[in-house]
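Listed next: structures, encoded as structure tokens.
After this come two complexes, each holding chain A, first together with chain B and then together with chain C.
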Partner chain A sequence: MRRSELHFDAVVIGAGTAGLVAGTRLAQGGARVCVLAKGIGSTHLAPATIDVLGYAPDRVDAPGPALEQLIAARPDHPYALIGAEVVGDALSWFAQIVPSGPMPGYVYGGSLEHNQLLPTAVGALRPSALVPETMANGEASRLQRVCIVGTPALRDFHPSLCAANLERAGIEARAVSLDLKLERADMNTLGLARHFDDEKWRRQFCAELSLALRSDEAVGLPAMLGLRDPHEVLADVEHRLGRRVFEIPTLPPSVPGMRLYEILRSALRAAGGRLVLGAEVTSSEREGDRIVSVSTHAAGRDLIYVAPWFVLASGGFASGGIELDSHWVTHERVLGLPLRGVPAEGEPRFAGRYLDEQPMARVGVAVDSDLRAEGAENVLVAGAALPGAIPWREGSGEGIALASGYRAAQVAAAQLSPTAAIA
Partner chain B sequence: MSGPEGNDVFVAELLRGSLDHCVKCTICETACPVSNATPLFPGPKYAGPQSERYRIADEPSVDASVDYCSGCGICSQVCPQGVKIAEINAQARNKLKRQKGFPLRDRIITRPTWLGRAGTPVAPIANFTLHFKPFRILGEKVLGVHRDAPAPDFAGRRFSKWARKRGQNGRPASATGRKIVYFHGCGTEYYEPWEGEKVVEILEHNGFEVVVPKQDCCGLPLQSSGLFDEGRKVVIRLAKALRAHVTDEDTIIVGNATSCTLMLKREAREILSLEDDPDLKFVSERTYDICELLLELHDRGELKTDFSPINETVAYHAPCQQQGHWVGKPALDLLALVPGLEVKEMNARCCGIAGTYGLKAEKYDISMAVGRDLFDQVAASGAPTVACDSETCRWQIAHGTKLPSVHPIDYLHRSYGL
Partner chain C sequence: MVTLSTEVLVIGGGATGAGVAWDAALRGYDVMLVDRRDLAEGTSGRFHGLLHSGGRYAVKDPRAAKECIGENRILRHVAADCIEDTGGLFVTTQWDDPAYADRFAQGCADTGVDCEEISTADALAAEPRLNRQITRAFEVPDGNIDVWKTVWAMGHGIQQRGGRVLPYHAVTAIHRESDAVTGARVRDARTGDELDIHARVTVNATGAWAGQIADMAGIEGVRVLPGRGIMIAMNHRLVNTVVNRCQMPTDGDIIVPIRTVSVIGTTDQHTDDPDDHTVNQSEVDAMLDDGEKLVPGFRGARALRVWTGVRPLFEDAKASDTDTRDVTRAHALLDHSERDGVGRFFTITGGKLTTFRLMAEETMDSVVKHLGETRPCTTSTEPLPGSEAGENYRLGERLRRKEASLIDEQMICECELVPRHKLEEAMTRTASTNLDDIRRQLRLGMGPCQGGFCNYRATGILHGHDGLSADQANQSLLDFMQERWKGVWPVLYGDQLRQVRLDDWIFQGVLDVEHLGQ
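Here is the complex of A and B:
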């Protein structure tokens, strides 16, 4: 197989939140960056709220102070390596880049002082630090009376289930199922989001919904308020309905997640970084403790990406970045890096109940305090590949992804150009 | 020739094996241009890994809806689990069409060489006829080619004649220049010979010696319409013709028709089960898309950068097939080298044409609905011109936006002052 060699200052592997943030930050600092990804990452599957710390182990109201406590108690946790200050910096940076992206006016709000409690699709309340404006009105303390609206075509969203559980949480809630005339019997939120982008369709939707609403209730909709201009769509729907409206995250595809991807992707591009999708890293070359290059199968031939720095943001078990094979052996699949947190022979690997604290879930790539991979000094690790966290129990996945991507870029940039190190 | 049957089964099984990696995450469904525009196609997840489990060799085809897949390939590109969705669907489409029979239309519009040879000598008449409504209505009724589908004008001259006059066909390599074998494709030969002239001049400006071998179609239209056996014959013949001119290790093959270079690099090997064809493998490893090559040269500091400013705005659309090269979007970085040029990247999925898909009477409306997002984005950008790497996409974009659409290298050519 013939090969072509391409040279960069930094190569990032993975196009989820961590990878795109690392790539964008490095490019903003002036580095020549290429982000390689097998496909689109976690963004399209997650609610797109930035959950920094939701449970520790009880529900967290103020993530800032709880973060300090976690860092003190758990020096092996990703947040302890990143540091509370960098988490704060990363959040501020993120909140700043969102409005300058491709969706004018669309903003994220919130802080490390208070978690916002937002309804999930089943009506549970989930704590998040930063939330898109389209969800902000769903904050539990702002909800007195609410009408959860669905449509039968949207099979994975059940307004009555959501409303019943909100009732149990002390919010006066009822459900409406609106029989919309749609082009097909089954729809997903993406198809509906495209309709919401259309002003005429929105007008018709609001007219029909108005008939079903009572005077003083807010409206909760599955997250589908458009992909192009959600700021305008929200304002328009609120205006037409004459009340507060909010989005509720749904099963995939996640419309707010697709917005987040577009925001991060265009920030990377605006900073001069490159993104190559369909580029699974299939092998790498090493010299001692350094990775010299990684290669991908492009159409027709292999491309070799040579760089002094690599950021590994290929995810954990869920995305296949880490695997447990049929011989009960765990591997980091991209670069073959050593792992940390693997339960010893004879120790329990899994707990009996699905949602219990699973020992295997803490497995990640072994790193030092600068997020450098053990045995590969020019590889920085970000996102779900890091060991020590259980994001779905802690409510910390996007926070770790954002802050570790930000931190990895900081470490690499300082080495690439010590004088022009990014803040 | 009935095609390499044994290998067929093997390759089909390899593609099929990838379906077990599907975790039903729906990322392909968010990206599919067609299922987002019409309920007639149920989407890549359903038509691909889900339906494939019910498709059994020697049993009738189970889902007629797979014919509505346009074969753009975006689903395979965005899949985070590596499922070969588009390739699986191409096999299923082939089986369906073999079962149903191929309409005469599909045997005609998939032969750009025949059409080009017939139309070029009588270009003024042919062009008049192709834009003559009564004839187009007849064409729709008799053949099933939609009356409004974009029909490019025959240039009336052939690129290869220009190249031959310039002494470009196979002269001995000079001592200094690296040799490039230029694969111009049918679009350049019959419809846009000026694009080929620009490619040659840009490459020569950068010190290459350009050889233009006698060549025919790559077989992509045949493949995408499910005519696999015919497609194999055509692509193998092209591979042999190009290979004959690769005389040393450094020589590479370059094309400006991005879907046709992708056909040579990957699609013919994977979809037509030609992984073992030695000529195709040889050619595939040495083939570059023009923008891919120029950016690689620039990254190595080997591209001339004597660019003069062009103070204009251009919208850039990366066609689906360009993205299937898995090299990112090199045209964006190349256009950024032109001083004064403001490049607006469009992020719509697809223009809708998908080669010959949008020409077909039953699919024209879908193709226009698919392209709507891009056409709207172009209009909103305010750019007076749209750059795009694929000729059929350019014709569709011009049809849908009423704006001129050019290959990205046009800007480099102008900026070089060639």
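Here is the complex of A and C:
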């Protein structure tokens, strides 16, 4: 078996938002970066809005001030380690890189000043700080009358339930189920997004939908307005329908999430970073408190990645980065790092009521205030691998991923000497 | 208050009660079957799905073994569509008394349980995941039985013969007139309405709850000792044959492959309350260890969920408080006119799922005799609705149907291959907004994602289908989510925790169901 060594200034493990942001920021700073990932991260599963803080635990209207309060109240929260200022910087940076990405004109809008309330597929209103332009028109305060449109083939979106719950929230809403002539009885939003990329198909869709619409209502569609050029698709559909249109996130796979992944991947590439998918880290080498290298086994050979800095952005339980085994022991599975937030032996791990706070929810890799992993001083931790948050409840997942990836890159870049970058 | 009349009122919609009502309907009686919840929602729906060959009781309880093999043969025909003929193996592992195997073979011979010793090589060839240290292996005609399908098939059969099936009707009083029971008052759990039912004969088939119903009739001393056992469903069929340890029956010594999963069972803990569904961590740990003994690597598989069931063990003088497995597994039929001087009232309890038909037959024989009539039992030859073809269920059946209609049919639950039209049919048929009731009929949400994907889809369809209000639809979704979680969390680790995190992201992240209506 061949063994090859590759040298980088920084190796990032994980290709979700946190890993891609960390890799891009490091590469933008001139470092030679390689992002290794077992597979694509959670971007393809998530709505792709940048939720900074939605609930604390009541609904947050202004994420900026709420963030300051959270940081004061929970010094163990990832945001407390990252700092509010960095969160703001990371958001500004992100909003700037989106338009220069592979989807011309596609932008994210919003700020830390107030959350935007966007309808979910069940008709709840979910708070987000930054949202893609394709969702912006769904903001609750802009919705007076809306028609929620689905199609029977899309089992992951039920317009009547969505509309009925929007009605309960005081928005005049009705539902239309458009029987499109589709190639099969089961479609997901990905298949439909590919159709929306096709101008002829769009024209037909808009012609059929027009017949069902009333004069002054906006249109809410499942998130499927194309993968290649969503800006143009939105503009075209709005023009043809003569009204405001917006996307509503659905069950996975997430079309806006795939766009977000393409944007971040392209930013990494543009900055000169490398991305290797299918490269699961199978082992690592240590010298004292430092990780010297990690190894992957891919394409029939072992590769050893040597670097002075590592960013661990391999996620939490959802990605398999952290595991609870059948003997009730938790492990960080990539580098074997110590964890924090694990309930003590004999304490409950889970609560019997699903919507209660689950004791296992805040488990993550133990870090110091610079996001350095405990016991591995050259490993920085970002994203869902961090302890202390319950991102799916707080509405903080992408915010933490973005800001911690940004912050990890800052910490590493500050210590990478120019010579190291050249060596 | 509405008053209804019937000839035979059966209280308890488990396998036994439905069996009694089915038996009575076939004998030409007008019947009414009531249950406080859904059919087969209690003990019947909370076991491992084993259709006994009788092998398990061949040494310890020969009478039970004889009953089991007799009923096994009958049910394979009359309930063919509900049964999968997996076959069963009894294997001697290094933890089992090697001398038991010969006693087992003799016991099977004595009780008429078909049993053939095969080489361990053949056993391992058939079941490659099995512990390779086994020293003996016996084939028996164990199988699995889908109890919800069985009970609902009887329910439909009763309805086809003019009988009435009333799930979610809890008995609030038993009517007595001097020395006889004349019916019961029930409350509709969904509307709160009460109604009176007059009956010529009332049968108490409430299993572990039989004492409570007997108390309502003013009858004392009907004591059923609830024996609580846990079962764990592992993702996939780790074995395709029912595998039993060849030893005196104990905890965690059976793995039953049923539908898409394998179920390991069970434990036996005395409990005072038949509604006690506590799952102890130590029981889970012991069960996983027991699984490893039969199938090495068992802990590495995904544990989907754990549940508990309560055996209705009729108490006799030898009962000890701590181990209910030693109390008789035989069923008890009480004719309260003989026992207590209260006519037109019968209690049937105890027994096991495999023998429900026999219990029903004996009960109705007594009822018919009590009424001074002669109407023979036909349940051993009359197939249940859906089983007329006499063909047993095959595992690949749903997949075959899906393959045949690949592009024309929408799958709502991919784990269990539940298509949209089946879901809509079940919603119409049950008129239920409770997705858990629909689950028992279709296996909706019973696979690896435990409702992560199908819950939203089914709620959306339910909302469109029934014209439910948003509030009702939201409640259905939240109830089903909680109902699934109930069995997931006590045995949550490994890849199943990964799955749960994805579900967390879907429900709380993408859909934000927690804040619906705010």
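FYI, the second predicted complex is superposed on the first by the 414 of 423 C-alpha atoms of A that agree within 3 Å, B and C clash if a C-alpha of one lies under 4 Å from a C-alpha of the other, contacts with A are read in each partner's own complex, and residues count from 1 in each chain.
Note that a residue touches a chain if its C-beta (ideal position, glycine included) is under 8 Å from a C-beta of that chain, and two chains touch if they have at least 3 such contacts.
In this text, all values refer to a predicted model and were calculated from it rather than measured experimentally.
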item: Superposed partners chain B and chain C on chain A - clash or fit; value: fit
item: Touched partner set for A:Glu85, first chain B, second chain C, both or neither; value: neither
item: Chain B, chain C and vertex chain A (Cα centres) - angle in steps of 10°; value: 90
item: Which superposed partner A:Glu287 touches (first chain B, second chain C, both, neither); value: neither
item: Partner chain(s) touched by A:Leu45 [first = chain B, second = chain C, both, neither]; value: both
item: Contacts of A:Pro252 with chain B and chain C, given as first, second, both or neither; value: both
item: Partner chain in contact with A:Asp179 - chain B first, chain C second, else both or neither; value: neither
item: Partner chain(s) touched by A:Gly320 [first = chain B, second = chain C, both, neither]; value: both
item: Comparison of chain B and chain C by chain A residues contacted; value: C
item: Partner chain in contact with A:Arg59 - chain B first, chain C second, else both or neither; value: second
item: Contacts of A:Asp216 with chain B and chain C, given as first, second, both or neither; value: neither
item: Lowest inter-chain C-alpha distance for chain C and chain B in the superposed arrangement, angstrom; value: 6
item: Residues of chain A contacting chain B in one complex and chain C in the other; value: 45, 183-184, 252, 319-320
item: Contact footprint of chain B on chain A as seen in their complex; value: 1-2, 4, 6-7, 34, 37-41, 44-45, 102, 183-184, 188, 190-191, 194, 252-253, 258, 262, 265-266, 269, 274-280, 296-301, 303, 319-320
item: Chain B to chain A touching residues, read off their complex; value: 25-27, 29-31, 36, 39, 76-82, 262, 264-266, 284-287, 296, 299-300, 323-329, 332-333, 345, 347
item: Complex interface listing, chain A residues touching chain C; value: 42, 45-47, 55, 59, 120-126, 152-153, 155-158, 160-161, 164-165, 167-169, 177, 183-186, 249-252, 254, 316-320, 323-328, 349-355, 360, 391-393, 395, 397
item: Complex contact set, residues of chain C against chain A; value: 288, 299-300, 303, 406-412, 420, 453, 456-457, 459-461, 463-464, 469-471, 473-474, 477-478, 481-482, 485-486, 489-490, 492-495, 497-498, 500-502, 504-506, 508-518
